[in-house]
């Protein structure tokens, strides 16, 4: 019976090679992506097959599958995971003129193994009229006791927080990072639960005064079908904190071609497409992210939030410090 | 005389195959990863404490809800009792994580109910103390509301088989109904209550969806975090095996303290309990006691879900959605058939050849049920990667991996069904057919099949629902472009589209309701 | 003192009448057996007396004063009910079962009673055993001890011997009877076995087809059965054709039957008696059973019990001596 199975799967696998397809492992969970894939299919005639899961699960899967993996492209929502994938030798460097020319250096891997597609920032969201924005300045400052009972932030299980912590470690080392974490925990209005939008809703409704959230969620909450979200976002504003010795924390969503990609050409085309002006426009207008392609503007709404300076640490560091970040969260009691 | 034939070999092979992921995980108990001491220092005790808290909370709540309703509907008739007879099982049809999402959406800070109450009181959220549903207590309550049917069903079946003379005897000795309840009925029902509670607790402790959403740190969320966040599969596996150990100790303790006592009445002449009629205030109390779990466990969440469904179905149901629906149904049907047939082969083999080895292997293959879905997925990934490399093929990432995962997880249900069904068929049937010179296959076809088809049907239905509801394992192992209704609803919630998530959820629940009703009807007929 | 008085008991389940106008009394120290075919409602009578069943017409009194179905005053006459399956609590051991109803008593009084009962019923060494570890006979003793523990005045027994083998059955009957007399209990026994009824009871109530066909002492019922059913229930009888009775000088009314016990027909070789053709001879140990047909009376078939095979001249024919004094006239149907 095993033989039949093996045969069947071989046939299946080889059919993948023969046909015009590209297979994506993606952690991105936004509906704009569906539109993107359709656009690519229409433009190139290449069929897009997707598996969506948490990036870590996808990475484990790539590891297990080894050279028989049918995956062509890995897309993550966090720089840390891109870095992990590179460390585990799951991605290959590609030679694309388009990408080389158009993606700024700090937004791609030095060996061209991955490319950032969008930028997002993790910011402080506060209730209009509370006056707390006068006290806000740095990320480090969030640990100050003056904010006791005011901070709403999600669980440390989430990669966005882990990357923020990784940045904190990069700036100040593990000891100070632990102190900071403990300070934030002491300031939490509620123990961590829910997602970023939950934090914003809480603050808008009088629980806590400062929510930590990714910028694009604010955009998605505007005019949302869920009345609670739409109402909440009207009552808040964004503040861009900075690191004492750096800028505002940024993270990227990015893609790379897998090492054993069976459809390498299609894979490269696909990544190039994601960095094309049309795709970048969609990211910007459809998902409220900051595009990386020079010349593509952020949406009006996003621009209205204000400008900021990107933090100066390299994206790869966010991945390097991820495991340490989780440990520090554990020690600080930030669940 | 043991003779190896195809049946034996294939069933032994399958049993071993199914047991492998469980065994792989077990071996990790003794191997520590590099982060183990860190885990011990920081989070391990919190995981243990929270898991214990959840276990006790769910155990007590499900015992109370499940037993009280089983007691009332088995021993009395009152207003609505025949309705509740069936209706109390309905929470089974709704997956725990869906109820968690719905209650979250209703009772959290901007939930429909919270807003309604605040408007009623004319106050702002910060002025009012409210019970935060997204907490460990909230998780316990939500899970108990969905899981109490385990206790309810098992207790009902048990009470139905209990002879009425014990209750009559107590009455003639001058005891009131209430005294009979706590002096006789509860002690006698203890094995049923415990069996149901263990099933409920096992599900609660292995849950990921609810705990993750409500921000509760347990072994399972810890497993995900260690595995994904720290990248340490060894430590994650160790946590997983600790969790399994927990569960086995539980089961073992229960079996041990039960060893000497028989709870079944030994009388030969059996009269089922005749129901006493309740009137007036007592009838109202009984109605109320049954209405509460039904309302909070099914009616309320289902109503909210229906409202959300109505608001969003036009938008959500498109071609892609229908594909997902089709995929879910075919996966469910195929897996249910496959697992049922497999379990039948395994249990029939044990019956035919009465081999101790085969029997032990069968019991081991049941282990999968107590392992959380995500953990099974890890085991399978490791297992398949070894196979893939050795045979240079690709099994992981195909539907084979997913079905194998379901098999490891759910074959126990099917095996239990068949074991119980076979135990009702006296050995003398097999002997009789042997003396008549009828071969094994004929015996199977003409004698066993008609007798066992109830077990087969029950197994098919239960596994079908379980597969449709299953989330973490499917998420990790599924192939390209292959989403199920469960995965879709989880994703929609993840995108903060809780209202839209009601659309795939509704299909899951409707399928669940139909299956549950079919099952119950069959049970009542027996 | 009349321990139990059943007065015009009528029970219906829905539209169907199960029992109609059943009336009988049980004195203190008396054993009354309710006899009848399976499913005729015997247990329902017991259940009604024990207040386990409350939907009936008629009156049931205990100890002359206490009306069972009266909701205004609660009857505090204790009833002991022995169930057919003994209804022993499987989660308690022997001692715990016996003391189950004594929860209101002080510890030392409880202890005293239980120890006495354990001794009386030979259960002392078994007192810590679980119920399933006991034999049928031991279980029965426990069920009786449990009931006697609270010293009831009324004892109701539902087919108490059906789960015992013959030897045990006989032993039990003896001590049960003695105990009831010694304690002065009013006891009702329900069974479908007529031998048990005859040997144990002071009085027998025979229920058939919803009605009480006859109530009286065993002797009365045996020697003067009112109906065919009663006669046939307690004894093996033959229906005699009316012509035969007439020939012997007995005129039998339209609604009546002439019957005779099978051992009251005497087998002779004297040709002056009624001639019968022998259809079959069965050896039954200490007697023989003959199947005989009477050619003179339309070949009606009779069963004859005799211990004398030598009384037959041949194995084809025999001559039966039926004497008038042995014939009983009974109602065909009540």
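The letters A, B and C name the chains in turn, as written, and every chain counts its residues from 1.
Here, a contact is a pair of C-beta atoms (placed from the backbone, for glycine too) under 8 Å apart; a residue touches a chain by one contact, two chains touch by 3 or more.
All figures in this text were calculated on a predicted structure; none of them were measured in a lab.
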| item | value |
| --- | --- |
| Chain closest to the middle, measuring from C-alpha centroids that were averaged per chain | B |
| Farthest-lying chain, centroid of Cα atoms versus that of subunit B | C |
| Inter-centroid spacing, subunit B versus subunit A (mean Cα positions, whole Å) | 35 |
| Distance from subunit C to subunit B - Cα centre to Cα centre, in angstrom | 53 |
| Intercentroid distance (Cα basis), subunit C paired with subunit A, Å | 88 |
| Contact set on subunit C toward subunit B in their complex | 47, 50-52, 78-81, 83-92, 100-101, 130-132, 139, 147, 150, 156, 162-163 |
| Subunit B partner contacts - residues on subunit A that touch it in the complex | 2, 5-6, 9-10, 12-13, 23, 29-31, 34, 49-54, 56-57, 60-61, 63-66, 68-70, 84, 155, 157, 162, 190-195, 197-198, 201-202, 205-207, 217, 220, 224-226, 228-229, 231-232, 322-323, 326-327, 330-331, 335 |
| In the complex, subunit B residues that touch subunit A | 35, 38-39, 41-43, 46, 108-111, 115, 124-127, 132, 134-135, 212-215, 217, 221, 224-225, 227-231, 233, 312, 320, 378, 381-382, 384-385, 388-389, 391-398, 400, 475-476, 478-483, 491, 494-499 |
| Contact set on subunit B toward subunit C in their complex | 163, 165-166, 168-169, 171-175, 183-184, 187-188, 190, 260-270 |
